[in-house]
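The two complexes that follow have chain A in common; it is paired with chain B in the first and with chain C in the second.
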Partner chain A sequence: MKRILLLCAAGAAVAAFPAVAKDAATAEFEKFRDVLEADNPAELFEMKGEELWKTKRGPNNASLEKCDLGLGPGVVKGAYVQMPRYFADVGKVMDAERRIVYCMVSLQGFKAEDIARQPFSSQTHTPDQTAIVTYVAGQSRNMKFAVPMNRPEMRETYEIGKEIAAFRAGPYDFACNSCHGEDGKRIRMQELSNISTHEGASKSVQGWPGYRMTGGVMLTLQWRMTDCFRQQRFPEPKYLSDTITALITYMSANAQGSLYKGPGIKR
Partner chain B sequence: MDIRKALPTALACALLGLAVSAQADEPGSQAMAMIKADFKPHGMAGLDRLVEDGVQAVCNRSDNKPPQAIAQRLQQDQLADIKYPADGKLLGDWRAGEKIAQSGNGFTWTDKPGVPAGGNCYNCHQIAPQELSFGSIGPSLYHYGKNFGNKPEVQKYVYDKIYNAKATVLCSTMPRFGHVGALNEQQIKDLVALLLDPASPVNK
Partner chain C sequence: MADPMKIRAQMKGEIADIRVLMSHPMDTGQVKDAKTGQIIPAHFIQQVNVSVGGKVVVEGQIGAAVSRNPVFGFKVKGAKAGDKVVVSWTDNKGDKRSDETVIA
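Moving on to the complex of A and B:
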């Protein structure tokens, strides 16, 4: 009884205490972002990625211009906002980064293990596929998310992604939803999007791939997922795993119809 | 290992009245199979972390809303697992508590083994008024002692909450800091003092 009383009383205390200084840091960042977006560093990576897409490279000395991102070989325009999608040639649902790496392996002859060794940007190294994802994403700028959910495989993947987002485990009992399951929550000053809602999911996939000011590196949604699993105190997801494709499918489908503004800037 | 610490998943699910042998093509089981295949150990984060304990299993299977009878039973088990300081004193040093509350270290694959874990408290709670960078996943704890006093039952409630949040709210978002060995008795006492000591900035 005492405990219940305490809990109830605590609830009252919260209500009585307005959230002070709610978004000082965020407001500061937003200001900064406006200035930066006029001269978006992500565009440099788009250019690099375009060059990589068009250049004959790898053991097979082939370009990626035959790579089918779902709209036919070589079609890049609008492809990003229509992924993840089910690719019949491999019988799998793939997100953009996964499909691009698939093309680098199958068309250019790069080795998947080599690409997986250091898959995300560091201060000294930007993986080729990061730049290529940025290029491909830039070619969907100002288009709406239109993930092809009519396929049964996509609906199945969506449901699995939803389950994974709710799966609590590890030393802290965290799931994605522990941090991203409600509206208007924060970790310290960082706002957390609610990935289960249209609005929250739209925010979540917006601005990725993103140029991260902390560290000055270009990072993809695959990276974001991996780092959130780290914060979740889980072991590390393997690069380009089904688990991450399922989570990206879940979020992208929830964001369906919202406008994608292209590669962005992240704090 | 104490059986109560890791009530096997099968038993937990049986308690919940769910068939353990769920359909293999059902999204929940597909998700579990996927997770099982898709991770690799990194640093201190081994694959054992993907295995649910009883509390996690029940919360996962019930969308974090377990039937009350089951919640009560599992909460009792969690409560029974809490260890108290031998001298019975629950109030430590609020200054040390503030440092622990600030630290977000611990348990990620980039954390170095042997470096003590922090409490992560400010990640989720407002606590001392000087710290404006605080999260909002948990309720504000500002003026906690001022509001609830400093009596032994209040001290015990706070000690228990930090030691094992699931002993009172089975599917709480708050981690079980004492239960998993993230914080030791002394650290928990220091945090109790941060929230309850009349001299702590929390209660000014």
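Moving on to the complex of A and C:
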């Protein structure tokens, strides 16, 4: 209950604080992050993910080296910044985590229901796909976002994502855009990015997957999106739902052309 | 067997800069599992040793106050490029891990 009250207060704070220039607390945290980025524990998960990618596992005893992330079977370099993309083999737009889980199911024979049971990291458990996403993301470090928007399916997904971001509902009549739709908003200490702009969207997709120092857990963009819905008091989307892919498409396409710095570190 | 460490070792002028990322839960033994309500038993690294070129340069005792997946940095005088760096740890359950790299 205490947690719920706290979050209500956070919601109110968004409305109460007008645009603030970059404040001292944010600047201090950025310094802290700069120091830590050089030694980001996310790299441990990259190593783990690489091993998982290359090891023969699952009921089919197969590795993921035949997994096509859009650039051909097994090509990992640069794949992350070119997702979400439309995959003709399944006729769907998929983001990185969704595609990786698809490969784990179709190539390695894991069961989607088993993976969906505990899809995100906790203090005691890091799902395999989280480590694999971190590895794949690390292989796009210092590359520019180049989401292939030339497909009509991608443009459609983008428009759906844009709609979802603006969709107000739930007990607080909230939408993603209530916090992330205009410049200069913040919740408590956190400045919020405006995902409808190139700059804001770049900030939002940057640093995911991220290692969260609170608790020391590795989290993906899928997790972040799902958590946004929780904070809005929406029903929780199913793991790897179209909704989340659409939102990630919307943000990634808005961030098109910006430099991806690799898995990040979060507060 | 614990997961591997990530070690970076580089000469910066006269000084070797060694940075180590360790994969370890570092449970303090004072936290309860949110689901079961049971205390998560203490499980943390107690001993960290670093040797450069066959010579021990760090023998450290650490404890539960160090974070999960800890990062360590050492600056070592008298090392040179090509020296072998060996980092090893032992935790309170007797688990061990040793990894090595070469100074670049």
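One rule holds for everything that comes next: the second predicted complex is superposed on the first by the 244 of 267 C-alpha atoms of A that agree within 3 Å, B and C clash if a C-alpha of one lies under 4 Å from a C-alpha of the other, contacts with A are read in each partner's own complex, and residues count from 1 in each chain.
Quick note on the criterion: a residue touches a chain if its C-beta (ideal position, glycine included) is under 8 Å from a C-beta of that chain, and two chains touch if they have at least 3 such contacts.
Please read these numbers as outputs of a predicted model, since none were measured by experiment.
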{"item": "Touching partner for A:47 - first (chain B), second (chain C), both, neither", "value": "second"}
{"item": "Partner chain in contact with A:39 - chain B first, chain C second, else both or neither", "value": "second"}
{"item": "Contacts of A:208 with chain B and chain C, given as first, second, both or neither", "value": "neither"}
{"item": "In the superposition, chain B vs chain C on chain A residues touched", "value": "B"}
{"item": "Chain B versus chain C as contact partner of A:87, first or second or both or neither", "value": "neither"}
{"item": "Partner chain(s) touched by A:110 [first = chain B, second = chain C, both, neither]", "value": "neither"}
{"item": "Which of chain B and chain C A:250 touches, first, second, both or neither", "value": "neither"}
{"item": "Contacts on chain A seen with chain B and repeated with chain C across the two complexes", "value": "none"}
{"item": "Chain A contact footprint on chain B (complex, rising order)", "value": "27-28, 30-32, 34-35, 37-42, 45-47, 49-52, 55-56, 59-60, 63, 107-110, 122-124, 126, 132-137, 139-140, 142-144, 147-148, 153-154, 157, 166, 168-169, 173, 175-176, 180, 182"}
{"item": "Partner chain C, residues of chain A touching it in the complex", "value": "36, 38-39, 41, 43-44, 47-48, 123-124, 211, 213, 215-216"}
{"item": "Touch list for chain C against partner chain A, complex", "value": "3-4, 6, 19, 21-23, 25-26, 33, 40, 67-69, 71, 73"}
{"item": "Chain A - residues contacting chain B, complex", "value": "2-3, 6-7, 9-11, 13-14, 17, 19-21, 24-25, 156, 159-160, 162-164, 166-175, 178-179, 184-190, 192, 230-231, 233-238, 241-244, 246"}
